[in-house]
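Chain lettering (A, B, C and D) follows the sequence in which the chains are written, and residue indices restart at 1 in each chain.
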Amino acid sequence: MALTDAQRAELEQARAARSETRRATVPALEAMLYQVMPVLDHGFVRVVDYMGDDGAVVQSARVSYGRGTKAANEDRGLIRYLMRHRHSTPFEMCEIKYHVKLPIFVARQWIRHRTANVNEYSARYSVMDREFYIPEPAQLAAQSSSNRQGRGDVLEGDEAAEVLRLLRDDASRNYDHYAWMLNEDDAGQVVDEGRSGLARELARMNLTLNTYTQWYWKTDLHNLLHFLSLRADSHAQYEIRVYAEAMLETVKAWVPLSYEAFADYRMGAVMMSSQMLAIVRRMLGGEEVTQVTSGLSKREWRELMEVLGRPA
Amino acid sequence: MALTDAQRAELEQARAARSETRRATVPALEAMLYQVMPVLDHGFVRVVDYMGDDGAVVQSARVSYGRGTKAANEDRGLIRYLMRHRHSTPFEMCEIKYHVKLPIFVARQWIRHRTANVNEYSARYSVMDREFYIPEPAQLAAQSSSNRQGRGDVLEGDEAAEVLRLLRDDASRNYDHYAWMLNEDDAGQVVDEGRSGLARELARMNLTLNTYTQWYWKTDLHNLLHFLSLRADSHAQYEIRVYAEAMLETVKAWVPLSYEAFADYRMGAVMMSSQMLAIVRRMLGGEEVTQVTSGLSKREWRELMEVLGRPA
Amino acid sequence: MALTDAQRAELEQARAARSETRRATVPALEAMLYQVMPVLDHGFVRVVDYMGDDGAVVQSARVSYGRGTKAANEDRGLIRYLMRHRHSTPFEMCEIKYHVKLPIFVARQWIRHRTANVNEYSARYSVMDREFYIPEPAQLAAQSSSNRQGRGDVLEGDEAAEVLRLLRDDASRNYDHYAWMLNEDDAGQVVDEGRSGLARELARMNLTLNTYTQWYWKTDLHNLLHFLSLRADSHAQYEIRVYAEAMLETVKAWVPLSYEAFADYRMGAVMMSSQMLAIVRRMLGGEEVTQVTSGLSKREWRELMEVLGRPA
Amino acid sequence: MALTDAQRAELEQARAARSETRRATVPALEAMLYQVMPVLDHGFVRVVDYMGDDGAVVQSARVSYGRGTKAANEDRGLIRYLMRHRHSTPFEMCEIKYHVKLPIFVARQWIRHRTANVNEYSARYSVMDREFYIPEPAQLAAQSSSNRQGRGDVLEGDEAAEVLRLLRDDASRNYDHYAWMLNEDDAGQVVDEGRSGLARELARMNLTLNTYTQWYWKTDLHNLLHFLSLRADSHAQYEIRVYAEAMLETVKAWVPLSYEAFADYRMGAVMMSSQMLAIVRRMLGGEEVTQVTSGLSKREWRELMEVLGRPA
């Protein structure tokens, strides 16, 4: 990721400013504010603003007049209780806003989470940057043979080299042609007076899906945690997971008690169906249960054994 | 509205605290933070937290790296442009949280606005306060004869007195019986050891709809303005309009440029149908148009004449 | 629940009508259409319209051109897979609309589910019916001593009788006064020419929270199942649970495969935290784990033992 | 747009099926069900399912027990009243589901409308079709000189030819390389046994933004009309406007009364600010108002004169 000098100066200026406020403030997150966290080869995540803290969760759960906090262990207990029993509305009382730079194909997955506010850089109105995502060789995986929606072994040798070359060349060439169609230089001046230049809203269609875009993305803590539980998960595509992982760090700094409860009751938790639970009970009762006697399909039996840390 | 000493102390303490922040801060709204704005006889609105300012609107419209603000008149022009052309997403980048005390029948109208986060005081879990809304005599209006959903003249004399007496007596008596059913005093202690006391979630059903409840209510600026355009309107019921009017004051302090654009392009604006517009054009062309020659229904003709400030 | 003759005739007429359609149609749900399912003493639920079936779930998961269904067991397997792995969007492709009559305090819980479309009978515009919810004696429970948000033993003898008397008398008296304030009879005619009558939007505040209201409520299958998982649960208040249970019957008739998957993976399922799972693994490994050696709080240990069907 | 024989057969079979239903049915829309409406060069829109009709709007506005319809002109008047006064909830009682094939850059605009249910064809799971949008020569417009977000004159001669050649070649070449990276043929069989093939979720990033995708998209009538008011508007990009126009035809067939009210009070309507309205009043009073004496900015004055059909 390469910020221009002007962008870097803007960021520095924003970081340098300080005000006094009566609002709940979180020093650990303040330290991260406007700080760019690099993700992938040219992307980033940075926190632009936030509202509330762990105290805001307990404050609204208690509908209190003041801060609403009590002894630290009581607040922690309440937050864990709320998370465990899926009382989600108190977590909606905190809000956070990110500025994110990400490849378009990642943006298309991300935008499926509807409960958020978004302002994306407009390719109808502005010219896109010349930046594309090219995977690290270690991320160049084959199609998984067992999972139609996943990755298998890493490509090697000539095939890997050829894939990287194609991705690079095609993105570059398409961007060059995009720029030619626009017929304007970086300063927005006409390049060739003999041509009209194609409308931006049309020329952009020549870009590849690994071109970077950027947006402001704002959501509440409850919906953010739901997003992270899906996108920081091992089933998520690597290219979105790395964004989720960077954001997890910001959550940890921002609302440490909520983060801890989330880690215990969401990220590390498993949902057991009524059938699975019945099998666990039989096993705890001393019965030797097999896939056949379990009544589960092979697939579900394998999932259960994995959860219980036993050979399938 | 009567705060207890404990509540007042909590508020004072919250107001006294100050922190340093890198976030956008609005001194005029800071001055209002935690301040109780009385509404109706026992209700209030107060701002508990906020995120963003007018600068956050232009920042996200420009998807900038830093604050994103330019010359003041350019920012104003951009905000007015966004409001006029209904580009709503930049206004979603600001967030505000209120604590509101309000009669239940008002809460039932308010909650219809779904794009908000709410935590209401729970009558399953806690005991409700002994506070009911009793209208001022000047608000004791008859049913409108022209509008099935509105108010007409103010009641007078014996009828007004009797209505007030009934509202007061019924709310009081029902609350007394609610308290009796609960069989617990203010400190949560059993009153009559010989009785079990009815569950709170059941006893509450004896309360009247003018009993006060309270909640934390949080939303973004775009949805707040939509709420205010409907509820600060002259067609809104008086008892919710006074809340909307108090909130308008907080918006004015918070985002003065957005407020001004909202006042011009929403609150003071009218929607003209294609038929109405055609009539205005005919009138501007010198034609004498009447209801009959207009082609409008009597009702729409009356609405149009009102908008144009002419006799129907 | 007492329908008027006019209402009954309207319903019969609606039920009698038949049309031919190309849309997916579910005979078992057609048989229930417009049928009133009584709930509580005067309430009801009835299905007014629906869109889609189990086939619509698989159709959209496969983004197919036609019906998209395959062999019955493949469709069943796909639906179970989607439910198990929380792929919720295919379940959003089915929609259902109910007409519900319910006490206001139940409506206030219900409306907290925001992802639905609602049209409620307007007490600003119309006169409310003279119907209140009075619990069956078996539902007249004391406050739970262990759970601040629940019910304990059933009230008995004089206390129960007195509670019922108060609920009945207060609701009746308040309604009588409401009617007096309105000063209009059932046909909307003025009763006492010497009085103006209070505006409906004001008079309604004298009603009690057990007064019945009604609404049209429409949502998609995913959000309906989420609602039912919370409200058909044993922790939900009895008065809303009975509505959820009636609606479960309609889901069972409408989308039997989705219903079965929901019953297995939601209603009968439990979420196990990372800590709980570690304990189950230790127990399966032969270790004798106690609350003390578990590291869980007493409350969580009790919850775990209950789930595993073992003495705490 | 080229359907395969298998797709065509699927569609025919779905269209041929007929069931009997008690639900509200709209013959004019039934005739369109499963029918493909071609849009752009390879795209389409088709109605897959629907729920409700104009009667459902009045039914829920009246919260009636049966169909709720009255005399046709009363229903029409009510629907126009609801639309004029922005009572949106009754229009939420109707639902419609489309299957849409559209270029990815159009899908990216479309998805910004969050209040809808979407299932998109997955490029992680499946192989994309070899279809790209190439504009008609008449749509090959230059960037507008007056509007940073719009189109100007149509490109001509060599420039036009070169743009078309580049769009075609780049999309084709990138797709060829995508297919090579996947290393599988149409039947999903490995092409070159000596290679692993890149995971689908990675290979797709080489595709251009004019590649076609497809989805099921479902929304309620209120949100559909909001979408159409923005996207069938002259300011919308041509490539999404043609989809909106096709959908307008389906709305006209489905809910003719709501459509008519929408055309009058939304599509053909204008919002006049308080300042604009004051100027119209002055003009109607005989005053000769100019931009200078109006107090409006040049831009707003031009907008007003356009609305009033007068020279600026």
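Some observations on this one:
We adopt the following convention: a residue touches a chain if its C-beta (ideal position, glycine included) is under 8 Å from a C-beta of that chain, and two chains touch if they have at least 3 such contacts.
All values reported here derive from a predicted model rather than from experimental measurement.
Both subunit C and subunit D derive from one sequence, and where they touch, over half of the residue numbers involved are common to the two copies. If you average the Cα atoms of subunit A and of subunit B, the two centres end up 35 Å apart. Between the Cα centres of subunit A and subunit D there is a gap of 29 Å.
Contacts with at least two other chains are made by residues 89, 112, 118, 122 of subunit B. Taken as a contact graph, the chains are fully connected, with every chain touching every other chain.
Only residues 77, 84, 86, 89, 112, 230, 263-265, 267-275, 277, 280-281, 283-284, 297, 300, 307-310 of subunit D touch subunit B when the two sit together in their complex. Contact residues on subunit B toward subunit C in their complex (touch as defined above): 103-105, 107-108, 111-112, 114-115, 118, 122-125, 133, 135, 139-144, 148-153, 155, 159, 163, 166-167, 170-171, 173-174, 177, 180-182, 195-202, 204-210, 237. Residues 3, 7, 9-11, 13-15, 17-25, 30, 33-34, 48-52, 56, 59-61, 63-67, 89-90, 92-93, 95, 97, 99, 117-122, 214-216, 218, 220 of subunit D are the ones that touch subunit C when the two sit in their complex.
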